[in-house]
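Structure provided below as structure tokens; questions to follow.
A, B, C and D are the chain letters, set down in written order, and residue numbers restart from 1 in every chain.
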């Protein structure tokens, strides 16, 4: 039995909205009498950094989720479960980001970067699982308006994800900063839709 | 007076979304200088376990709620109240899960398991209350498209719940791990829709 | 300029959902080695009480909000502002409830009860403000399906609120427990729709 | 490719709802035995002030967001990104508000006020970015019902924002309280729609 995706999207939006705002709770208000305020505020930079970075990463994931569900019009039980798995991964993002911010430049930065990159590798696998399941033609979960070439373009763009994040994970052994730079570039790559310049509507 | 269920679903989705993400707040970011990061991260396994377990359990409950409300199309005042009671139970889930994770293997694991199993017994009773109220034919809250055999299948599947969770609760006295294994199997049972293989659309 | 109420309801549902689940965060997980688990769990009863009480009160307010907005179909700028004021009051509910639970039976229970009753008095005034503004015939914010007698029944039921909560507040001086009992009865009164037995649809 | 704005609005409503209720978490429940309750409650005034002020400011921003999206009917990828940037700014509001409340009247009030005013300057720039992008006629993101004069009125009202908040920021050097008073008056200015008295529908 398949139903439409309205509630799946509403529930996902709620989870995204909470995950994206969660790290503001980690930013503590400096109390009066705890020293010069400017110094106290500046000392908290890892909190600001992880708040903004999580916001950007989860925001880009939301844009991708939104983009997929302009094509996915019906859902069945397995799609609900794959979507929940993806949301589980996304809800976890603030944690490795905060661990990375707290340990970058310290003796444990390699461990923190491994945790961070592994999270993204997992999420890219879950995005592929969700999309490939929905796009499989015999399930008829996509909108009848979706043309086959759009589906192929998204499938191709997404299939690069796990491979590239695996390279990021391997790069951690060589150079932590380089691996993070590649990770950030990948976020920009996924912010831009597949086959942008050829898209017509 | 009966109205449609759009707002009931939107509000429930919000409560589910918050309940499902709440336990990520319990996972603390290890600070630099608190020892080797890998050790610190591994020591927190009860937090990860309860986060993932709550996510899975609440996710399955959301799937069930979603499934019921593909049939329930109208709501009245008592349905709103029964839905609130169910949400109260679901919002509580992260607490017994975290208590269980913190005490599993310790001297108080039996108490923790009783609390955990009793919560599920209560929730299964509340699911039955909601469904049986809505499905009662004279209230006309179900969609006219719902056929009587689907209603009977759901009613039958749900009626097993309280009995099986009661057995789980009794099993705690005999063997804590066995009772938890039965509980986890039940979650899988409720993830699969009633009469899956016979469903036609 | 007036617009429909879809987003006002969605935003309100989000705020209600957060307010209603917030107090679960106040229930702390007892750590292993902190004494016998049963004792630790039982000692937290004020937290459970305020969680359940806030849930019930905010749930009833949500039912009332839902009921009003089955009649209100259009919104203008002042309605948005009055709705925000009401949400401000509702978001505040968990705080006086927790203060009351922490101090009931103690030397400061009167202060806690005054804070609690004053919050309800304020909210009942804000509910009246919202409804009377929307129901004023010259603003045409109500659905054309709403009959004048339903409007009058709701107006009459709501106009009792501030008076009755004022009596509750005065009762605190005489007897704290009596004032709370009247408050709880009032919640039940507002859970039941105006003119229930005469409602037809 | 452009799609409708339903999910963008639902996701934004979720983020607004969380941001607006977040500061209630900062209000601590005074424990029994910590002194006279009234004194303890009154001593927390900066928490109440920042809760109410954030609620008011974010509420007015929500009204503005709601107002813009009665005109914006389609969204594209850049609009999603500009909307995320705006939400990032809005989610941050509780932090500078709490810092201001904690330091007002203290030796660091100037630093706190600079942080507060700079946040509003940034948000007013992001509101302009979002609106000007959407209103640009060649993108066709506005509803066909929107008349050109409404668009011009909103554009004009919003273009004052950055300039006025820049003046507020400069005023901090001269007089902290004066700069805050101007900031609060601006909030009232943006609560009222552009060209209120001339609006027809």
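One rule holds for everything that comes next: contacts are C-beta pairs under 8 Å (C-beta built on N, C-alpha and C of every residue); 3 or more make two chains touch, one makes a residue touch a chain.
From a predicted model like this one, the values you see are computed outputs, not experimental measurements.
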Checklist entry - In terms of residue numbering, is the interface formed by chain B and chain C classified as same (over half shared) or different (under half shared)? => result different
Next on the checklist: chain C and chain D share one sequence, so how far apart are they rotationally when you fit their Cα atoms? Give it in degrees, rounded to a multiple of 5.
Outcome noted: 90
Next on the checklist: Just the number, please: Cα centre separation of chain A and chain B in whole Å.
Outcome noted: 26
Item to check | Whole-Å gap between the CA centroids of chain B and chain D | outcome: 37
Checklist entry - Taking each residue of chain B in turn, which ones touch at least two of the other chains? => result 10, 14, 17-18, 25
Checklist entry - Once bound in the complex, which stretches of chain D touch chain C? => result 9-10, 13-14, 16-18, 20-21, 24-25, 27, 29-32, 36-38, 41, 51-52, 55-56, 59, 62-63, 66, 69-70, 191-193, 196, 199-201
Checklist entry - Which positions of chain A touch chain B when the two form their complex? => result 1-3, 7-8, 10-11, 14-15, 17-19, 22, 25-26, 77, 80-81, 84, 87-88, 91-92, 94-95, 98-99, 102-103, 106, 108, 111-112, 115
